[in-house]
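Take this structure, written in structure tokens, and hold onto it; I'll ask about it next.
Naming follows writing order (A, B, C, D and E), and every chain is counted from residue 1.
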Amino acid sequence: QDSFNFITPFTLSLAFAPVIYADAAGYYAEEGLAMNLQAGKGAALAAQMTIARQMDAGRTGGTNYIVSRVNNDAPLISIATIAQRSPFFVLSSKENPVKTIADLEGRTVGMATLGGSMEGTLDLMMTGAGASPDTVNKVKVADSAASFALIEAGRAGAFLGNTSSMIIASSARDDVEVMPIDDGMPGQVYVARPDEIAENPNKFISFLRATHRAAAEIVDAEDLTPILAKIGEKHDVTGLNNTETAQKDLHTNAQNWASKGKENILRNVPEVWERAVGLLADAKLIDKAVPASELYTNNLLDQALKA
Amino acid sequence: MGTDRFIRIALPTATVFAFLIAWTVYVHTAEVSAFILPTPMQIVSAFIGLVSDPDIWGHALVTVTEAVSGFLIAVVLGISLGMAMARVQMLEWAFKPFIVCLQLIPKIALAPLFILWFGFGLESKIVIAAALAFFPVFSNALVAFRSVEPGDRDVFTMLQANPVQRFTMLDLPTALPVVLAGMEVAVVMSMIGAIVGEFIGGNEGLGYLAVAMLQELQVPGLFAVIVLLTLIGLTLYTLIAQLRGWLTPWHASVAGKSRDS
Amino acid sequence: MGTDRFIRIALPTATVFAFLIAWTVYVHTAEVSAFILPTPMQIVSAFIGLVSDPDIWGHALVTVTEAVSGFLIAVVLGISLGMAMARVQMLEWAFKPFIVCLQLIPKIALAPLFILWFGFGLESKIVIAAALAFFPVFSNALVAFRSVEPGDRDVFTMLQANPVQRFTMLDLPTALPVVLAGMEVAVVMSMIGAIVGEFIGGNEGLGYLAVAMLQELQVPGLFAVIVLLTLIGLTLYTLIAQLRGWLTPWHASVAGKSRDS
Amino acid sequence: MNIENTADIRIVGIGKTFGQGENAVRAIGDATLDMQRGDFISLLGPSGCGKTTLLRIIAGLEQPSEGEIIVRNRSVWEGGKRSSEATRPVSMMFQEARLFPWFSVAENVALPLRLRGVKKAEREERAHTLCETVGLKGFEKARPSALSGGMRQRASLARALITEPQVLLLDEPFGALDAMTRDTLNMELMSVCAKAQVTTILVTHSITEAAFLSDRVVVLASRPARITEVIEMPFERPRTLDLQRKPEFQDMLVRLRASLTGGH
Amino acid sequence: MNIENTADIRIVGIGKTFGQGENAVRAIGDATLDMQRGDFISLLGPSGCGKTTLLRIIAGLEQPSEGEIIVRNRSVWEGGKRSSEATRPVSMMFQEARLFPWFSVAENVALPLRLRGVKKAEREERAHTLCETVGLKGFEKARPSALSGGMRQRASLARALITEPQVLLLDEPFGALDAMTRDTLNMELMSVCAKAQVTTILVTHSITEAAFLSDRVVVLASRPARITEVIEMPFERPRTLDLQRKPEFQDMLVRLRASLTGGH
């Protein structure tokens, strides 16, 4: 039996349901994997732990991965794209809503993961929409529904929250304006070391097979309650207590996973990657143009789904 | 003594109540969102819910273990290094800048290294707690051991005291009041260290729980966890403060001994 | 004096070099990934790149401003509250538990509150820096002001000294060595506070830069920022340590005055 | 300036007990004494009989368990609180030197002037003069830690004298001094006190010194703590060192010694 | 046990200068002196003449600028380092009491025994006996801060005596004591030293005390610091307090006083 170590970028939450559910439902065990799930703090930590061979694979942000791979030669490769588009939403108040990307003009915008790529892609989107990004004051805030209170207090004009934050905020209050963003980047990816993959590809194939099974099951499920119950049996996952929001949360996440079609669940969709690399290069966020196909592999997924 | 003890309990209780009332009034008048600052009442009911869940004690135990272990390591290391450097000037010159640098490095940046070396378990959090708690003890020990009066040293020299006797009967009693002040800071730091460590990784402990609560926007729950953390920290702190009375009863820093002047 | 000064510079330099060599050897032999722990050489070249970018100095200035302001607030508050509570036992009983609690509360959990009250600008970071730096100063001031010998107080009482004179000529000189030890811890804490504040919110400063670097796994760059942070912190620390020599030349804690025994 | 007929210092039924119950130590019992302006009295008594305690009570540093202290018509302890008004004219030299390490010797001596806001130049000049008087010339800039025991005591004496006080309380000021230095300083003290009509209380263990300097010698006893006798020194002023060799002085020493022994 | 013919303590050309250059203070100059086992000598000299410094050099607490100290055939300062072997038989009582606030009076007195690993019961018994000897009965459990100045000095003396040392260095042990207590303790000290053949150096400012207790009195002078005279006290032992009234004793006091004054 192979052991498989997987690290999530944050405390276990429903955004990471495919791995959590696959583990809870025993899918990994069925594949002969002894799964070890670790919760990290920060996408960077997840990547670092994978690079350091402490973990076999980890989940991290797509844009950050591309930048770190191209600019800093991080020895990683994307083995799957779990969130096909950005998992972030622009949250603002109904009184002063952000309905289009251009509405961001002149606002103080909070975001959890401040840094070149996140800011860069936002700038890119705004320029694309004909708005001036220089007028936006981007500040770091916690990615938590609590940050909405900063909007309420007038300290911020909008903030970028992940799916859970969005669900929790909009179910807690009725004055939350939500706008999904599609920055053209692959949202969240699973990364692993190429040399580890070469050494023992079967392990990764088994991992992807089980994960895909879980993800597809969630995407297809009419009623998410049994899935949530299963998860809760094995793991301490935030957001499970409130079944109503938990269902919404999981459902919204699942929509993202399948947003490029059910057949593309977990797949690194070539067109998306192509476009993303192009955008990043245009914005000078990556210093050299590389063929997008070098950044990911769908081999493992193909093999996993073939068998 | 009777009234003294009464006042010692009554006064802080009164202050806390005054504070809670001011807080409640502030939340209502300033209309602060409950997502940022709940009222004390909301926190109290969340707290009751929290402590009636038996799971919580497992988390609390983890955090206490981390903090206490880190604290003890910090105290032992801080006192011995402080003592050594107080004795040998060269050691201070050689290593103090180094120690200061280590303190300055943001621990979060080194998180991967901690995990690499110590894993996701308690060890890495104990290390962070010890690292944070070390400096106040060390810094105070250094100045305190230096403050032993040369005339007192001479007495022990003449009495042919061995190093251990010198340490236990002269250096330590002289240094204790100030070292204890450092330990009071350190015990707080070790709690913070444990919590920071739990923020960084792992899925146990009250720090982890706090993050989890925040993500779910259970803000009263978050504050309830903070209250629990604070109570634990205050208990540890009180223990150290008690030590002051037991270990240095002769010193003016012992509560109730000082004179208004 | 000449050789003394030479040794004071040479010794830490030697230690640092020994450390850097050990580090390099470790990275190579243990094959630690450069994405977790770069070699000193990689960091040096990243550092050179960093400091040749003029933008960096703006960030550095922001961090220094935050840390220094926070530190100064902490020192003033810490000394005055420590002094007040050393004098009036009641004040200590009423407010010390309170102060300890405030210290124990994880600042990160209160981040939204800080931003709500003080905004995304410098203010919220100064507050955090001051909050972290306050406790070591306060705790040491409390014990140090208590340590003034009653006999010395009597001299000033007989001389009809007014409170200000008593403070500047008796309490402060007596307390200074220990208060300075607290200030040494505090200056480090205020740097950490500023950085934590920058992690929490805003878009300026070296702490912000560190996070941004980490996001993209520019690990040597991250360490270069940390080196810069550490150098700044060390400079501030050295200033305080210098103060010791200027303000308390009579005290044994002044470097070079202690005797090996 | 005080031309009233009342006493300068009145010690009325002073008693002091340290501690409580079993551990109680009776340090002073029922001490009563009046002093006129310019009076010089000495306290003689066995070690631990409460001399320091009495001085501290007069200075307002220790609260008496019973009785009252009145300095120039003002009560030192008013309703259990020290009156800093009453003790303003009082200068006290403590049994330990109590010099401050952060001041040089001259700065220590000049401290009382500094606290009164005297200009730097003036206080330095007066401190230097006084240092010379007490034999510390050349040590003005030294740190107190570089002084010998006797030198510290002299610095402390200089500090007590620099304000030209109207009431002077001296707790064994010459204990650590050799006979020669002691004689010199005795003469110095006597002339200072006579010139400015200083009301002085001196604690000493030297019977000779007590007899030589005082108008009256108060003999104390311990267990029970009390004043056993107040003896007039009927020697004319101004006195010179020759007095000490006169038979009537020697007789007085014998008388004092007897009183001390009896009271023990 | 040391039956060799050499001296017990040899002070050979000891000199000590504090500080450098302009600020240099010459504390001791070229002091030479031999003491046989059981010798009792006193150091007399003006305040600040270097008595304490000499004692500290003998005890190995201060490094001499020149010269050598040999205690029982061992050099106290070997190659600039204190030899703790040489100073093992030496007990020193300091000019300040140096009691430790974290110990009770009895614990302070018993400290030397505790450091030597003597059992608790035994050291408590001996401490209590000694406390009684020095007149501190009833204060065994008190904190040092509750003692008067003279009581502290006596506690410090008791601490110096408790180990029954072979060499005793006493720095003004009776400075803060009244005449009566002083006489009692003088007698006590003399009998202790005689009984156990203790080699003793006593610093005192009392000429009477020096003459009464010593075999020889060493008169020191300052500026320049040096030994001016070593005077034999030709009084038979055992001595009683009556000796002090004898004419030859009084003559000796005059002689000593003259020597002191001349040396000044």
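Operating definition for what follows: a residue touches a chain if its C-beta (ideal position, glycine included) is under 8 Å from a C-beta of that chain, and two chains touch if they have at least 3 such contacts.
It should be emphasised that the depicted structure is a prediction, and the values quoted were computed from it without experimental measurement.
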Original post:
Which neighbours do chain A and chain C have in common?
Top reply: B
Subject >> Each chain counted as touching chain C and chain E at once >> reply: B, D
Subject >> Per Cα centroids, the chain farthest from chain E >> reply: A
**OP:** Find the two chains joined by the most C-beta pairs in contact, please.
**Re:** B-C
**OP:** Name the chain whose C-alpha centroid is most distant from the C-alpha centroid of chain D.
**Re:** A
**OP:** Please work out the Cα centroid separation of chain A and chain D, and write it as a whole number of Å.
**Re:** 85
Original post:
Where the CA atoms of chain D average out and where those of chain E average out, how many Å apart are those spots?
Top reply: 29
**OP:** Compute the distance, rounded to whole Å, between the mean C-alpha positions of chain C and chain D.
**Re:** 49
Original post:
In whole angstrom, what separates the CA-based centres of chain A and chain B?
Top reply: 37
Original post:
Do you know which chain B residues sit against two or more other chains?
Top reply: 32, 35-36, 108, 112, 116, 157, 199, 214, 251
Subject >> Numbers and ranges of chain A residues touching at least 2 other chains >> reply: 42, 48, 52, 142, 144, 146, 149, 153
Subject >> Junction residues of chain E, two or more chains touched >> reply: 96
Original post:
What chain pairs are in touch here?
Top reply: A-B, A-C, B-C, B-E, C-D, D-E
Original post:
Which chain D residues qualify as touching chain E in the complex?
Top reply: 18-19, 25, 44-48, 51-53, 95-96, 135, 146-151, 153-154, 172, 175-182, 205-207, 257, 260-261, 264
Original post:
Where on chain C does chain A make contact in their complex?
Top reply: 32-33, 35-36, 111-112, 115-116, 119-120, 198-203, 208, 211-219
Original post:
In the complex of these two chains, what residues of chain B are touching chain E?
Top reply: 151-152, 154-162, 165, 169-170, 173, 248, 250-251
**OP:** Could you please specify the touching residues of chain A with respect to chain C in the complex?
**Re:** 42-44, 47-48, 51-53, 64, 67-68, 71-72, 74-75, 108, 110, 113-118, 137-142, 144, 146-147, 149-150, 153, 155-156
**OP:** Flag every residue of chain E that touches chain B in the complex, lowest number first.
**Re:** 56, 59-61, 82, 84, 87-88, 90-92, 94, 96, 98, 100-102, 111-112, 114-116, 143, 145
